[in-house]
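First chain written, first letter: the chains are A, B, C, D, E and F, and each begins at residue 1.
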Amino acid sequence: MDKKPSNFSQSIEQWQAERKELNELTLEAANLEIKRFFSLDSQTYRPGALDAKTKELLGLVASTVLRCDDCVLYHTIRCHDEGVKKDEFAEAMTVGLVVGGSIVIPHLRRAMARWQELDA
Amino acid sequence: MDKKPSNFSQSIEQWQAERKELNELTLEAANLEIKRFFSLDSQTYRPGALDAKTKELLGLVASTVLRCDDCVLYHTIRCHDEGVKKDEFAEAMTVGLVVGGSIVIPHLRRAMARWQELDA
Amino acid sequence: MDKKPSNFSQSIEQWQAERKELNELTLEAANLEIKRFFSLDSQTYRPGALDAKTKELLGLVASTVLRCDDCVLYHTIRCHDEGVKKDEFAEAMTVGLVVGGSIVIPHLRRAMARWQELDA
Amino acid sequence: MDKKPSNFSQSIEQWQAERKELNELTLEAANLEIKRFFSLDSQTYRPGALDAKTKELLGLVASTVLRCDDCVLYHTIRCHDEGVKKDEFAEAMTVGLVVGGSIVIPHLRRAMARWQELDA
Amino acid sequence: MDKKPSNFSQSIEQWQAERKELNELTLEAANLEIKRFFSLDSQTYRPGALDAKTKELLGLVASTVLRCDDCVLYHTIRCHDEGVKKDEFAEAMTVGLVVGGSIVIPHLRRAMARWQELDA
Amino acid sequence: MDKKPSNFSQSIEQWQAERKELNELTLEAANLEIKRFFSLDSQTYRPGALDAKTKELLGLVASTVLRCDDCVLYHTIRCHDEGVKKDEFAEAMTVGLVVGGSIVIPHLRRAMARWQELDA
């Protein structure tokens, strides 16, 4: 649903549309190495010995401690898609918060708001 | 006063209102550990052997070298509340700049503009 | 040209105008050390044993791995001014991507879009 | 077993002994907030909606992208204790590598060597 | 006193001697910009509107959240020289811990051990 | 030559031998994605629109601002191999220092000492 929460300049759908557009632009202008990196990035999250749900949680926590809103949002959506439950999401964000410190809080707040938007 | 400077999409008051809203959303959805972290974060800046003004300056510099605009703005407001003077603020930001490097400059610029907004 | 691409809230020219305004505000409020840092920052990119083009590429990659959009855009413009070609730009961004990881991708995407804006 | 591999100045057991000693020194000198943080850090990894094994994998990946050898080793040992298998460990380290970039490689190498030491 | 604690490969005095040697080597090989940076770095901590003790605490916290052991040790010694007391040191380290997260703990532990070495 | 400078626990040759050993261990235990990443990392520095010398300088500066001693040393050796001169090396390190800040200085010092070791 294309609902724009008051805290964000874009709804999740608008954000996804922009990400898709920028991805296409990038891959069009990309050299072989950039294309290979994007391909490797996709492979990294495919189910293997660890399932996709676990891998997306790993990506979420890595993105949280590195404080990248776009990456946190991407993995938040993927976690939600993979059936992560609300309390599991909060526990993963807790690891990110405790490892990364209070500097992570602005990103945690936005992630919690985005999770609510997904659950609506 | 709710003045919106031309450089920012939000005035300080609008930013504070949004922060308050996101904090409430987060604490509502939070588990015990996240609540404890937020509580510990508050305790950290209470006056002790070091006074609150010094602690807010420490938080300001930590936020500057870690390049978090929301955290820098929060501590800029707190420093101003605690009676930090303009030249003291500039000296603390200098430590942040010299330790953190030119990569900090976009954050320094915005902090200086926000300080002016507070002094107005 | 003052074209505002759909992905950005500001065109390059608007961004440059805002940067100029914030720089002036900062240098007006600055103490001697901040002024010296800004001066040193300028000197760093002047041609020497390495030419300006190479130095701007170094600044671009440093900004990419440290994930600062403002710094990446600044050096993207400077690289373009110094005659960096599209494939050279992509190869420098590749170093940034492989060294810095997928967490750099949101910044890479925006840099590629900005490069297109410069070439138009 | 107290085997010292040629690549490291300490065996895992020596490292654990030193860590224990420094932890005791720190908690003895600690104020209430530091003690609370250490306590919160422990709680963060207890089984909840996510099991301990998953939480340790999250801690491992967070530590990898933030490039802290001591933290990586701590979580490597905990992952091994929690029954993480070799291929699961490699897949978690892959997320760390792809998200964090080649700058993570020195830490990845040491983690793989330590994993071998644990399996021996 | 040249006491080497069991946790460290160097006593503080040995560390200071090595730092001095490497500084001299660096400044001998340095170009004008590197020399200017080192000079600016010194100026940054001289007493001004903020006293030297406060500035060293700022440098300590910046170094802690950025997790640089050499920088933390340098500022720990300077703080001790400037009359920072044990509980003030612990409160500054608390800001560093809470802002920077558990990833800071290995550095916190070593800083507490070094403080003890200074007090001995 | 296998000369061990007083500042380092390993000579460059010893460091290279250990790196080689750890690389082999890692690639032996690696899954397909880790192997692909290592391969992509190599490709990234091959001459293309930018020559190898420029690419190694880019890798050097990226490693400096991200403060990874192993990565800085690797690219220092590669820069030396590619014919980078002493003043060019110093200028690249200057970009790293000014962008990354004083927190980079311990790494700069060690890099300058290693450069001397290579020139001997």
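Rule of thumb we're sticking to: a contact is a pair of C-beta atoms (placed from the backbone, for glycine too) under 8 Å apart; a residue touches a chain by one contact, two chains touch by 3 or more.
These numbers were taken from a predicted model, which means no experiment stands behind them.
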item: Intersection of the contact lists for chain A and chain B; value: C, D, E, F
item: Equivalent interface to B-E, taken from A-D, D-F or A-B so that over half of the residue contact pairs match; value: A-D
item: Distance-maximising chain from chain D - centres being C-alpha averages; value: C
item: Winner on C-beta contact pairs when A-D is weighed against C-D; value: A-D
item: Distance-maximising chain from chain B - centres being C-alpha averages; value: F
item: Cα-centroid distance, chain D relative to chain E, in whole angstrom; value: 26
item: Averaged-CA centre spacing for the pair chain F and chain A, given as whole angstrom; value: 32
item: Geometric centre distance via CA averages, chain E-chain A, whole Å; value: 37
item: Interface hub residues of chain A, defined as touching at least two other chains; value: 9, 31, 33, 37, 40-41, 44, 48, 62-63, 65-66, 71, 87, 90-91, 94, 97-100, 102-103
item: Chain contact topology (line, ring, star, complete or other); value: complete
item: Touching residues on chain F, where the partner in the complex is chain E; value: 6-7, 9, 67, 86-87, 90-91, 93-94, 97-98, 102-103, 105-106, 108-110, 112-113, 115-116
item: Of chain F, residues touching chain B in the complex; value: 65, 97-104
item: Residues of chain D touching chain A in the complex; value: 40-41, 44-45, 48-50, 54-55, 57-59, 61-66, 71, 85, 87-88, 90-92, 94-96, 98-100
item: Residue numbers on chain D that touch chain E, as the complex places them; value: 9, 18-19, 21-23, 25-26, 29-31, 33-34, 37-38, 41, 62-63, 66, 68, 70-71
item: Parts of chain B lying in touch with chain D, wherever the complex brings them together; value: 31-33, 36-37, 40, 43-44, 48
